[in-house]
Amino acid sequence: MRILFIGDIVGKPGRRAVELMVPKLVRERAIDFVIANGENAAGGNGITREITHELLDRGIHVLTMGNHVWDKREIMDFIDSEPRLIRPANYPMGAPGRGWGLFTLPNGKRIAVGNFCGRVFLDNLDCPFYGVGRMLESLHGQTDYVFVDFHAEATSEKVAFGWHLDGRAAAVVGTHTHVQTADERILPGGTAYISDVGMTGPHDSVLGVKKEAILRKFITGLPVRFETATGPLQFCAVIITLGDKGKATKIERVFERFDG
Amino acid sequence: MRILFIGDIVGKPGRRAVELMVPKLVRERAIDFVIANGENAAGGNGITREITHELLDRGIHVLTMGNHVWDKREIMDFIDSEPRLIRPANYPMGAPGRGWGLFTLPNGKRIAVGNFCGRVFLDNLDCPFYGVGRMLESLHGQTDYVFVDFHAEATSEKVAFGWHLDGRAAAVVGTHTHVQTADERILPGGTAYISDVGMTGPHDSVLGVKKEAILRKFITGLPVRFETATGPLQFCAVIITLGDKGKATKIERVFERFDG
Amino acid sequence: MRILFIGDIVGKPGRRAVELMVPKLVRERAIDFVIANGENAAGGNGITREITHELLDRGIHVLTMGNHVWDKREIMDFIDSEPRLIRPANYPMGAPGRGWGLFTLPNGKRIAVGNFCGRVFLDNLDCPFYGVGRMLESLHGQTDYVFVDFHAEATSEKVAFGWHLDGRAAAVVGTHTHVQTADERILPGGTAYISDVGMTGPHDSVLGVKKEAILRKFITGLPVRFETATGPLQFCAVIITLGDKGKATKIERVFERFDG
Amino acid sequence: MRILFIGDIVGKPGRRAVELMVPKLVRERAIDFVIANGENAAGGNGITREITHELLDRGIHVLTMGNHVWDKREIMDFIDSEPRLIRPANYPMGAPGRGWGLFTLPNGKRIAVGNFCGRVFLDNLDCPFYGVGRMLESLHGQTDYVFVDFHAEATSEKVAFGWHLDGRAAAVVGTHTHVQTADERILPGGTAYISDVGMTGPHDSVLGVKKEAILRKFITGLPVRFETATGPLQFCAVIITLGDKGKATKIERVFERFDG
């Protein structure tokens, strides 16, 4: 079984990149299951009902989110009725939606997909290290594989989270920085790990946003309007091969640049 | 001309990796000039006079630093007399040492090496975007190539810094996160760019530190003693090929794992 | 000469408190000159042209700002033509508006009013410690008194800024936290100092905002809409008595609660 | 019943201020019970066994702590056996010590004293808003009064915490910023509140530390050695008068300056 996980999809350019790449990869690389981070899918911030359906219709089986999960307020209205949309599990009790879900792979095995936010340089949520332990307990005996999207800023927290789950999850993939890292590996316990899968969207940009706006912000300190960039696209993902006993055997980076 | 730039060298394991890899790479990859980030070279924090000399004796021509520059206080005593040791240029006026220096390549061309710290999630220093402009002005007509180590945390600030210098520097290489990124590229203006070169030191660690300590910190919130990890090594670097008119033509990542 | 300085005026309730209190204080406490922080005067964030005029018409001679200075974008259009509206001086060169201005007191003496933002836990601006030195140099010989509104979060930075200017300014008053501090004093060099003057606006609130919204934010982590609170008002200010040679002789806190 | 709560005691000067002021206040103001924040009691950082005993012998009944609780590592060895030393309750489960304790007032009534850390601009701990709810539940029916030291940086979090407990605690007193605030009040539900009680220690300092060192740090960005300041002392506290049904009827600030 091979899982494709796509890094933060940014706006229309990101969705276009998904449209072009997912069918191709599924076919050429024999992908069995597709997960994607969708926290920036709607114009760079959040996700709408329509875009959720668009992405789920284009071959993505599960969407994970991050700190931008609530940016489009309408998500509050539909997240409870869409089990394929997973939000960070470490929001305080009572938040709408689910922090993890159980899904069935084509071979009949079950895979749990969870999403957690880091806290270093980010929002004050519940402890993700503690929370992921509770997730594993609550899933005990119910799943064959555990897949975690850890949405975090600081490399220390991300790498530590990977070690924390080594041997207990099939994969821990980082998201949020929008820059793909080159540290993909199978940890000694059999967990596929990467610090950040990277961003899927406009290539000549600052994390998906028009570079002129971000530069103006850094140089002048004045407020600017952020807009999703245009031009060539990039598609960032990893392909993870599952093995026996809930482990992974392989993780490969995908970083494609092309015209939209 | 080919420049080897080595990412944050952490402690004795990092220095051992340098000892093993630099002569090999210089020979096999026809390296002409070696630059390395040494902010963690002494036991994980800062650098000493002895270690500065050790690294400069092992084939490194210039050392750059970062937010840990002053961790070993003795640097205050020798940095003014060691022009090959470059500290972040955006410390307020009056700080010891130099923020950039001019060096001669084997072909007689001159290369300026500068070091700047980012400010997002880091210390309050002078603006690096403004500062690097002043560096370029002060170097005007004096150098053939400009090489910048941008030591920063946030990907937004790093990517923006790359675009800021596109066409004006031969290379902008990121350091500090200790995780190599996979976004190396030649920007349209001819500047070699990577968000982070990564860490040179113990492979099975959290950014070079014993993983058990970092995990205990994240899980318990209690203070822990950080120690440089042991075991297998990793060597993270980039090789940049210089072209005409102050530009770069190629950037390749190096990420080697081996036993020390 | 007695200066009244009013802490962050929040929205309509804050402006109502100004309307009620300023004429009364000017009369009863023999105030000669009125300065106020107006960064939250328009609905809690920023200031408009109309509200600037409203406040200047109600007896305020100079308005200072803070990190919310640009929240109402229209300020960009009129700040250059309104010398009585002072924005933080430590925005990078080229920002619209002025960071300090010279005004004439009723007795013919001149007073310079400056505004700086702190950087700890706040935006990355130019160094306020360096900047205020440049302000003093540029004012050399042109003013009788220097008055500084230091808009900052961290008490360490604020108290340090007071000591930095002791003997060089008549007054350093802190703003931004919206909570009045009880540490008003004349420093040994003759500078009137207080860490924070406090907030002028709705009394039963969290810093001027409806408390239910802020509490919901802290408890759930979910986004909420912030609205200026209603109900009883509070008026926070200090009265500073100027002495000879650019010094102050007295600083008194004003903290009035009343129905609007 | 009247409770004296003393703000962060800093080093030897702070302990000297306690020695001079506590007996005097107990006598003159008819104090029945004394609580103090001791997180900086040992040389500015943390507390030792010896200093704990010194303070408890000088008339303090209960010591609360804050983010510096673990700075002197020996606390790990004795905190479990000293029920009068209360550390922030929102450290993850398993931390040494207690987050609250039950004590008996001279009139036989019971008072629970709890300690929580804020999270805004501070460490990533468990949610204090949720935690204090759990404390109240676990104390249900066992105590006559609840007293909370909320050790936090941001005024928004502190004021919100006060409202959160209004009518459920007799007192919520803020600590940590080392600057006394002037917003003491009895909230509508009968809870005595102040955002920060202030610092007990050297008066001419930056939060207790030598001002020259802190200024040098802000101006140069270079590391400095922080030392507790010397010279005149200040004593910051509040006196809270308890009423019926777990409420408070009065809160008065104490801010004394004197030679040691």
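Note that the chains are named A, B, C and D in the order they appear, and that numbering of residues resets to 1 at the start of each chain.
Going forward, contacts are C-beta pairs under 8 Å (C-beta built on N, C-alpha and C of every residue); 3 or more make two chains touch, one makes a residue touch a chain.
Every value quoted in this text rests on a predicted model; they were computed, and no experiment measured them.
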item: Higher-contact pair (C-beta pairs counted), A-B versus A-C; value: A-B
item: Whole-Å gap between the CA centroids of chain A and chain C; value: 44
item: Cα-centroid distance, chain A relative to chain B, in whole angstrom; value: 30
item: Sites on chain D at which at least two other chains make contact; value: 92, 124, 127, 130, 219
item: Pairwise touch network: line, ring, star, complete, or other; value: complete
item: List of chain D residues in touch with chain B within their complex; value: 70-71, 73, 91-92, 94-95, 123-125, 219-223
item: Parts of chain C lying in touch with chain B, wherever the complex brings them together; value: 92, 119-120, 124, 126-127, 130
item: Chain D to chain C touching residues, read off their complex; value: 121, 127, 129-130, 153-161, 163-164, 177-183, 188, 195-196, 198, 204, 206-207, 211, 214-215, 218-219, 253, 255
